[in-house]
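These are the structures, in structure tokens.
In the two complexes that follow, subunit A is the common piece, with subunit B as its partner first and subunit C second.
Moving on to the complex of A and B:
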């Protein structure tokens, strides 16, 4: 019985433990460093000098950093809602209907996923100048070009996730619903949408993460007054990586983790009830 | 049965359904009496499921009309029809509990809240699922899920209940149990059941009327016994149970009798219902209607002889495959009525076969 190791027995092999350790170190060491050095009492941020919360205070008092942070959150929120709706509708259309050029639409919708970000950024920049997208609007309308760009590259990810979810859907559930007296709309609301929900949440989460940390495309499409957090951090780092950047980044990481936890909780309400 | 004919709850008049160039159902006329347990039986692809889906409203006929309880239904969407369906996959909503599943149909059609609770309780009691109201479908067995699907359809009090291959996903023991259960339910609720199946035993044991379909057409509609004993064509004869077919020529026919020349048998007179036309025909004899003798019998009735080719022993009966002198193979069901009989048979042994002409069926198609 103990001749061949079971799946969990492999964890007792030294080389496998070493491997796991290496993976963890390479994945998380940089993040740990970032967080730890955000508490470093030093301007240069190379050698550990002592613990301080100073830089969190400074980051908070840095108006332009806070503005960029707010911009990022607003952009991410609006872009997530829009790309989830558009992506889910496209996924439903592709899943449900057969129409001329369906495969072309499907392939075309996946383009933003495969096109290099830099090309997408340039393309969007050219597009905005070409159509004369209004600039210099009041906040938050001046974020519209960034939001537009984020929706453009994020919604295909939602489509892919929702589409994959719907592949497992038993069409007779919809038929059963109609057979029992439900209208088209009632059927969608009561039967199709609940089934889609995990896909929607996963897709929205993906879109939000993509939007929050996007640098390249935002760099091309944001005006000077509409910096997002990643772009602002980049400009700050150019003058040296101070613990202030670390502190701001740590806050972003915490926000992201919180959002993820919320999303995961929303995804499995049944388990909490039981 | 009462003398007055029961009015038809479902009427199909010249119903045709084409998918592109493929005709799934062709100019079908059908009347299903109220309170019948009706089976649509046929091989896969014969159009029986399409017919059922047209009754439910998921397909609309290319031509013809469908009347349910006297109302024209062919263009009415499924949610406005007085029929409910039990799907082959059961289609129980996975995110709802048993009680929510059963209540769903009442809720979406605006039944008052106070009425829903008792009706759900009654429906669940009827399918013997009381106590499982709070279960989710993934915590139930296939048989239980099917009961949920049944309760969910019956709680709507439809005029007709449609069942699409209701037993195909169950194992043998459960299937037999469910057959009895469905018959009991049908008697209890007193509504018309229309069941689609490819399993002839299922149809014979449950239904009181069966329509046999092939290639989009209904070949015969009859009660089970009639379908078995008096099939009207070679397809029905072969599809329902096993059948031995002999080529024959109708030499003469008068009222009630036909003079035949049967290949391998010789001249034979058989009783017939309808006077058959002269010419080629088929004489059909069920395996259990053939008698098997191990020695040439003195008595009249032995008409065929051959060698035992193969034996399949089932305990109560043995299936004996006999190769006749002319090369044809005949199946005989031999009842092992005494303990010694089966032991007497062996492959290669010469045997004689006989049958009563009254047990033979003349098919002229």
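Moving on to the complex of A and C:
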């Protein structure tokens, strides 16, 4: 009797376990196949022919693929720094101050999160051509249009994450600090900022993954000289899937999974204290 | 919270960078295409804003209207499939023991962190005629033939295995959307189901309602905010998708996203493309307003 599942022990029902298993297989099978295929010693055949690292070597020797990968990393790095600063500042403004149009700013800053990406992509494409944004600059300055677009869609996410973190902050700590003689700046640096830190890190990692992941907006804002990895892979896929693409994709998957795991590690202790 | 007048300088330092960025790289670009949608082409690259509604009328003529309707149905079907697939998963996770809950959640979220393009690309390898699904089917076909041979029924399965055409059609697009956006549905559902007051469910079961009746009469209505959020999170990107239909769809699977992309990249009809983008935006706003209205109503009733 003790082993019969309780009425609400949904996870102990076999059909629900089967359902979850099916969904997990559906979510993972294609990715696992892609990764396995990148080590398979055969160009077209999906049947296992033997282990090889050949495609990783070829991907490494593919200069334009490496260039796109470097572009992606540079874009992600700069966009992350900018998004984190801008997003966190806006979060502080919304969290701390009462002002006319506050809810309008709040709603407006959330808009880039919710509108279809293609609308933002085409709008930025038109914007950069109309204002005559300089093209053909030396690397990495030519990446500026892509970087600024990434900041535009990533910083609102940072704002949301940092604001959520600040909801739990006790303002009396700041007052205590000031009562004890600390200046405004000292209080911010020694009291507010340390509390914000987990939110900042989580927001930064989110911005970084969003930037590395973005295809649609980059597709519209990048030129032939400023392809990022996803856009490059897209053009390769259009000309036919090759194991090199699998190898390069596997590298990117590993990078993002590592980033995610770091993000989760950093976030969970914060949850426990809060 | 304090008035901004207490520290105007700090306030401006906090507020202005975000506001500036939002204005320059979001609202001005959107404003530009809003204007272009009301303009006409007067030269190869010149557009004059003439406040005409011609582009909207053009965007809604039967050819393009059909595409909007088709995109709408494909997005709706994919969203419905996501909901049906996700609900049991979200329910099971929210009622799982605290120990394995984060692990299960991570399992669902992790693919979402993988690049959209890579996931779509992975789907090609699974669905193509020499892909994994057809390969498994062929294997099953072989096994079936072996099993049926002793009783003489193997001709039922045909002379040779014909691979199914799974890729480059509308079904592939729907499967692709479900695959890519499934985590968007599971997470909001989980968030509401996890906060749900379980005593309602227990009361319903104690009073003799069956599991199924409890599910539809108690759980689903209580989970409504999560259901609505999930539907919006999947439906809006699905409606505007062009990558999935481009890579997985066939010549007849063009969606509105593909047409918009073409107006800006190759056909160079910016006014028409802008009008279509704004129709997509207006649909988004309607969906968001609907959600706000539903949540306000739920708050008032609750």
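The rule is short, and it goes like this: the second predicted complex is superposed on the first by the 242 of 274 C-alpha atoms of A that agree within 3 Å, B and C clash if a C-alpha of one lies under 4 Å from a C-alpha of the other, contacts with A are read in each partner's own complex, and residues count from 1 in each chain.
The rule is short, and it goes like this: contacts are C-beta pairs under 8 Å (C-beta built on N, C-alpha and C of every residue); 3 or more make two chains touch, one makes a residue touch a chain.
This is a predicted model, so every value here is computed, not measured.
Overlay on subunit A: subunit B and subunit C fit together in the combined arrangement. Of the two partner chains, subunit C is the only one touched by A:212; subunit B is not.
Residue contacts after overlaying the shared chain place A:191 against subunit B, while subunit C stays out of touching range. Across the overlaid pair of complexes, the angle with its corner at the CA centre of subunit A and arms to subunit B and subunit C is 100°, in steps of 10.
Contacts of A:14 after superposition on the shared chain: neither subunit B nor subunit C is touched. Between subunit B and subunit C, the partner in contact with more residues of subunit A is C.
Within the superposed three-chain model, A:177 lies in touch with subunit B and out of touch with subunit C [touch as defined at top].
Here's the short version: in the overlay, subunit B gets within 11 Å of subunit C at its closest Cα pair. Once both structures are placed on chain A, no subunit A residue is touched by subunit B and, in the other complex, by subunit C. Taken together, the subunit C residues at the contact with subunit A in this complex read 1-4, 7, 10-11, 13-15, 17-19, 21-22, 25-30, 32-33, 36, 85-86, 88-89, 91-93, 95-97, 102, 104, 106-111, 113-119, 121-126, 130-132, 135, 179, 182-183, 198, 201-202, 205, 211, 236-237, 239-243, 247, 257, 260-261, 264, 270, 273-274, 277-278, 280-281, 284, 288. Interface of subunit A with subunit B (complex): residues 170, 172-173, 175-183, 186, 190-191, 194-195, 270.
Of all residues in subunit B, those touching subunit A in their complex are 56-58, 77-80, 83-85, 87-89, 91, 93-95, 104-105, 108-109, 136, 149, 152-153, 156. The touching residues of subunit A, counted against subunit C in their complex, run 7-11, 16-17, 19-20, 23-24, 26-31, 33-34, 37, 44-47, 85-87, 89-90, 92-93, 95-99, 105, 108-109, 111-112, 114-120, 122-127, 130, 148-149, 151-152, 155, 159, 184, 209, 212-213, 215-216, 220, 230, 233-234, 237-238, 241, 245, 249, 252-253, 256-257, 259-260, 264, 268.
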